[in-house]
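Chain naming follows the written order as A, B, C, D and E, and within any one chain the residues start at number 1.
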Amino acid sequence: MPALVVVAVIIAVWTLAVVPMNAHLTADQAQRDGLVMTPEAPAERQEYSGLVLAFKNPQIIPLTYTQTRPRLPSPHQVTAELYDSVFTKKITSKRSLVYHGWVTLSATLLGFAIGTGLGILLAIGIVYSRTMDKSVMPWAITSQTIPILALAPMIIVMLGAIGIQGLLPKSVISAYLSFFPVVVGMVKGLRSPDAMQLDLLRTYSASPSQGFWKLRLPASVPYLFASLKIGISAALVGAIVGELPTGARAGFGARMLVGDQYGQPMVTWAALFAAAITAAALVAILTLIERQTLRRMGMEAA
Amino acid sequence: MAYVLALIVWGFGWWLNIRLSHSPRADTRLFSLLIPIIFGLTIVVMWEILVQMLDISAVILPAPSAIAARFAVSTHLLWADFEQTILKGAMTGYVLGAIAAFAVAILADRSPFLTKGILPVGAFMAALPIVGTAPIFVRWLGSDWHSKAAVVGVMVFFPILVNTVAGLKDSTAMQRDLMRTYGAGYWTTLFKLRLPAAMPFVFNGLKIATTLALIGAIVAEFFGSPTVGMGFRISTSVGQLAMDMVWAEIIVAALAGSAFYGLIALMEKRVTFWHPSQR
Amino acid sequence: MTQDMTIHAQGLDLTFDTNDGPVHALKDVNLEIKKGEFVSFIGPSGCGKTTFLRCIAGLETPTSGEISVNGMTPDQARQARAYGYVFQAAGLYPWRTIGGNIRLPLEIMGFSKSEQAERVARVLDLVDLNGFDRKFPWQLSGGMQQRASIARALAFDADILLMDEPFGALDEIVRDHLNEQLLQLWARTEKTIGFVTHSIPEAVYLSTKIVVMSPRPGRISDVIDSPLPRERPLDIRDSVEFIEIAHRVRDGLRAGHIDE
Amino acid sequence: MTQDMTIHAQGLDLTFDTNDGPVHALKDVNLEIKKGEFVSFIGPSGCGKTTFLRCIAGLETPTSGEISVNGMTPDQARQARAYGYVFQAAGLYPWRTIGGNIRLPLEIMGFSKSEQAERVARVLDLVDLNGFDRKFPWQLSGGMQQRASIARALAFDADILLMDEPFGALDEIVRDHLNEQLLQLWARTEKTIGFVTHSIPEAVYLSTKIVVMSPRPGRISDVIDSPLPRERPLDIRDSVEFIEIAHRVRDGLRAGHIDE
Amino acid sequence: DDANSVTLQLQWVTQAQFAGYYVALDKGFYEEEGLDVTILPGGPDIAPPQVLAGGGADVMLNWMPSALAAREKGLPVVNIAQPFKSSGLMLTCWKDTGITSVEDFRGKTIGVWFFGNEYPFLSWMSQAGIPTDGGEDGVTVLKQGFNVDPLLQREADCISTMTYNEYGQVLDAGVSPDELVTFKYEDQGVATLEDGIYALEENLSDPVFQDKMVRFVRASMKGWEYAGANPEEAAGIVLDNDETGAQTEAHQVRMMGEIAKLIEGSDGSLDVADYERTVATLLAGGSDPVISKAPEGAWTSAITDAALK
């Protein structure tokens, strides 16, 4: 497994980085526990880099791996927390990451469905209507430059005002982030047929809808999948972002926030990794579907 | 009544744009600018009408006129925020992220083994939500723009990586075979064939990344910042219910983002003039 | 314009704008093609044969001049599904099998499923590609791809068949075979055929009218009405008339080259 | 293996795996080509000519059997830049102008700027594309693109020139012209040339050795050593020897078709 | 139904800071009043006044500076009850930075919460005559995130902490109180009222709504009383209501203990003297005061009067 090798390299680097990253905090702590540190004054220690500090005080090196509030937790700490919150808790328990994963995932999937549907429709509109191409595309781009976290509270307040709460507001934000890659990719894909392929249909005087189903859509499939993979990651990020202004109740986002605020970095890191693993799994599923589809379309090896 | 009026405005704007976009001069630079502007104006007018006539609280949605007024009196503040967030945070991060993605893509491309290994890890990185990474980077790199640049770098990395890797594979069998008959080595093939062939994809990634860069830099400021910056201003203003200021910042973000995107799109046109989608 | 004058081009001019200046591809082209004629276009590479064929099919709009097809504009004729077109390159859709590619126009024109299957089988047989039904284009050799694209154009019964060097990538034996098939098809169906070729014998063997073009800007330098009978066995190629016409075509071509 | 035996293939077998079963493209192919020979490959479409040429250039790996080029493996020969290859389709890079495309191998092989310019001009002239230097591929007609790709293969002096139906899209006059040019080039430089064609006269006119192939699975059905002198005026095509060889080739081809 | 349902918008995530309301809900105090109460937790991006304005909630908890500022922005929110008597806000500094008094802040970096919570700090600094724009003899202000890292990492010399939450976290990180210097706003004379209950003025003119609020405040105060008397149980109830599952018992118990100190001495009605002091502090905000003139009608005793009868 090539991925495993790369992961192993990353974990090795990470493990090494733990020492300098945590050296200062560990030194402060060790000093309080009665060890002698050089230099003595904590403020003075700030002058040194973590590496130098660890070098001057080698006794703190093992301690950097066991801090309860590290700047950078060690891999085994994160793994332990992940294991703990995924496998040792009942999945219906609010201490289980599986439970929070489902909260986030449901919003993600709904948002992704909305975003993808909207994105494809918009792309079709843009490709087929000059007016939409000229007037909407620039604004679709602009829409993405608006910081969603600034808009999110407003969206949620407005939806709340008309009585919509729960899954949908989060999904709206998730959809908002995922529709754009789909639009960009689909527009490019729908426009990818070359002149001869288009001319052929013109000689048949094929209707626009036939042109869509028989040429543009199949030609866009590889582009669509590339976009979907970016889109689903974006949808997940959107759902997590949406969890903060909906009252940070449950889900990965709520865990990250609360872990951060209450000085439990492991909770944050575990949620962060769980989110990324979820996304990787979603992307992997899409990749599988992509491979199947392209194989059936005879385009895999071309 | 308000809705009817808004609809009429919408209808008129759309009609005008249909006329313009089907006119023979539709592809001139002037028209390409005019049409989206009319579209935007239509929406702004509808917005103003709805806010005014339905008496929507300025605390929820300010009228465009109020936003414009706020914008006009706050230009110095907006500029300072722009400098901090876009020029320092977003741009630095974008450039670093793009360079890193490019380097990794080329590295990954050297062997199928590395491609298989790096792509899933890249996908993993892309899914690290900003809500989680931002506080960590703020903790590591401090509250100033350095942490924002790091957040942006991580966010833009994956789209550029994926697209570059896909693009590097996009040459046709015959094009590759030609290079093989020349006994061309890896680097020659890379520079003469695969990089040029990859450009449409690379620009796809660069374009998606522009918008991510902006969002990243702004949102990361929510998790700690000096007392300047667009994200700082937005979150502070929301707390103060100064929604006109929030929207003024959003407009700056939109303008900057569109200009940035436009710049990349222009470069794309220059570089990939040969691709069917550009002809 | 009489009713049986299928294609009528008058004073056709076409200029392409390119990055380094305009290219004058067609200049003052006049031509009349009657219903049921078999017209070959021959001329040096780059003289505008493809461009002219595209004008007939309404794929290219002349800069000036007029063209009518069945008394309509090419665009209207296209709406009426008057054309079967074989491009210079095969241009098969990579995500469709060979069978699927041939079925494409049939689907678009709304043939029934069973009719589709029957026609696909028939034309595959015609171009000698039985058994390649379910292969994808990139699994076929260049010539096989070109034959598939011919089959695609033959699958539905278009009034006007426009073929841009359809047999260029085929060997002589297959070529002779397909030439005969094409003539039979033409005799049977009274189609009007526009045919671009580089082979003088092929042009003479097939056509009722041979149009010789000369390059830069593309002009018609000679139009030869063939005196050969409609019924043409392969050995007609050794007849005196045949050789005479071939000579005239060759001279026309050579003139074009010397001109240049 | 003697030193001057440039290409030596023994018991070559090649099978493609496709979505519906394996395709046996080459079966037990044995061939020797000496340095300086001009070898034509002729055979029905789909018989494996392209595949065999690709094996020689090391672009395809035989399923079994052996092949050596200049005493090396095809891969090593490729590293040594032994090949100039003209593909069946033009395959120009769309982001380079015609001039840029021809310059490509020269850049790769490290010719000086002035040398590059000089060679580009020379081969453009050879294929009669003066003035199209700065056009992009899609602005050229099919035949012009093909000529550009020939120019690209001629621009550097490869030992072995492999040409896959290079003149298929060209008219007879240009074809005759290029045939003569090619013979001159060959006579002057002592290149070894592998040449796929569908035209029997062309094969006979050009070659010192004609390889006739038959299809499914692709086999060599006849190898004809031409008794024609190396010096060949165009009117040699009316000589008795010429017609005799052409007959033999045609018979070989026909046999292949009947076999099927 | 509308006459009996109340939605409460908190200003932060579920924690013992809001124990009174969760206890009232959990112990059925709201139910006893015939109320159907929904509690909406807050978070970093939630401006409770905005939620109120949008109709997403009937009542909110807010710090008075932020509420008064909203009033000036044209959103007429009214304080109907004030369960928190004293302020829990303070600055926490490293002792080894040499800070002993406010004057020592000059040239230092201080973490401050924004989002409407910066007003007390800015008023304080302007009263002390210390610029906040980062010059030589001013303070450099950092917008503080949601954790105490800027202090632990020594990016800031002082940070904002609440007695009941962040201060405890600094200690939890292993720092001993001896290493720290604290400045309570209460002690500096710049305390502003925290965690009051606010409703929209227009709603309060509706007798049905008013009645609802009376019952709500009454039950909430009962909840606070119970929570003050049974801190461990209250913390447990908060934990049960924390949907994130990330809060720890030790932490919430301690928080509840500190919160109890802040509600001590309040029966829920607003002390006018505290109100006046808050307004005076905010008006003194120097060149850019939080509010430009003393507000009118920003509070009412009508609800508490009826509730405490």
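Just so we're on the same page, contacts are C-beta pairs under 8 Å (C-beta built on N, C-alpha and C of every residue); 3 or more make two chains touch, one makes a residue touch a chain.
Keep in mind that this is a model prediction, so the values were computed, not measured.
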Could you work out how many touching-chain steps separate subunit B from subunit C at minimum?
-> 2
Going only between touching chains, how few steps reach subunit D from subunit B?
-> 1
Any chance you could check whether A-B or B-E wins on number of contacting C-beta pairs?
-> A-B
Comparing each chain's Cα average against the average over all protein Cα atoms, the nearest is chain B
Measuring centre to centre, with centres taken as mean CA positions, what chain is farthest from subunit C?
-> E
For subunit A paired with subunit E, centre-to-centre distance based on mean C-alpha positions, whole Å | 33
The distance between the C-alpha centres of subunit C and subunit D, rounded to whole Å, is 28
If you average the Cα atoms of subunit C and of subunit E to get two centres, how far apart are those centres in Å?
-> 84
Do you know which subunit E residues sit against two or more other chains?
-> 44-45, 47, 50, 53-54, 145-147, 153
Scan subunit B for residues touching two or more other chains and write them down.
-> 60, 135, 139, 173, 222, 235, 238, 279
Interface hub residues of subunit D, defined as touching at least two other chains | 19, 89, 136, 138
Which residues of subunit B touch subunit D in the complex?
-> 172, 174-175, 177-184, 188, 192-193, 196-197, 199, 272-275, 279
List of subunit C residues in touch with subunit D within their complex = 16, 18-20, 23, 42-46, 49-51, 88-89, 134-136, 139-144, 146-147, 165, 168-175, 198-200, 250, 253-254, 257
In the complex, go through subunit B and note every residue touching subunit A.
-> 14, 17-18, 20-22, 26, 31-32, 35-36, 38-40, 60-61, 113-118, 120-121, 123-133, 135-136, 139-140, 158-159, 162-163, 166, 173, 200, 204, 207-208, 210-211, 214-215, 218-219, 222, 230-231, 234-235, 238, 243, 246, 249-250, 253-254, 256-258, 260-261, 276-277, 279
Subunit E residues within the subunit B interface of the complex = 44-45, 47, 49-50, 53-54, 66, 69-70, 73-75, 114-118, 132, 140-147, 149-150, 153, 155
Spell out the residues on subunit A that touch subunit C in their complex, using ranges where they run on.
-> 196-197, 199-207, 210, 214-215, 218-219, 221, 297-299, 301-302
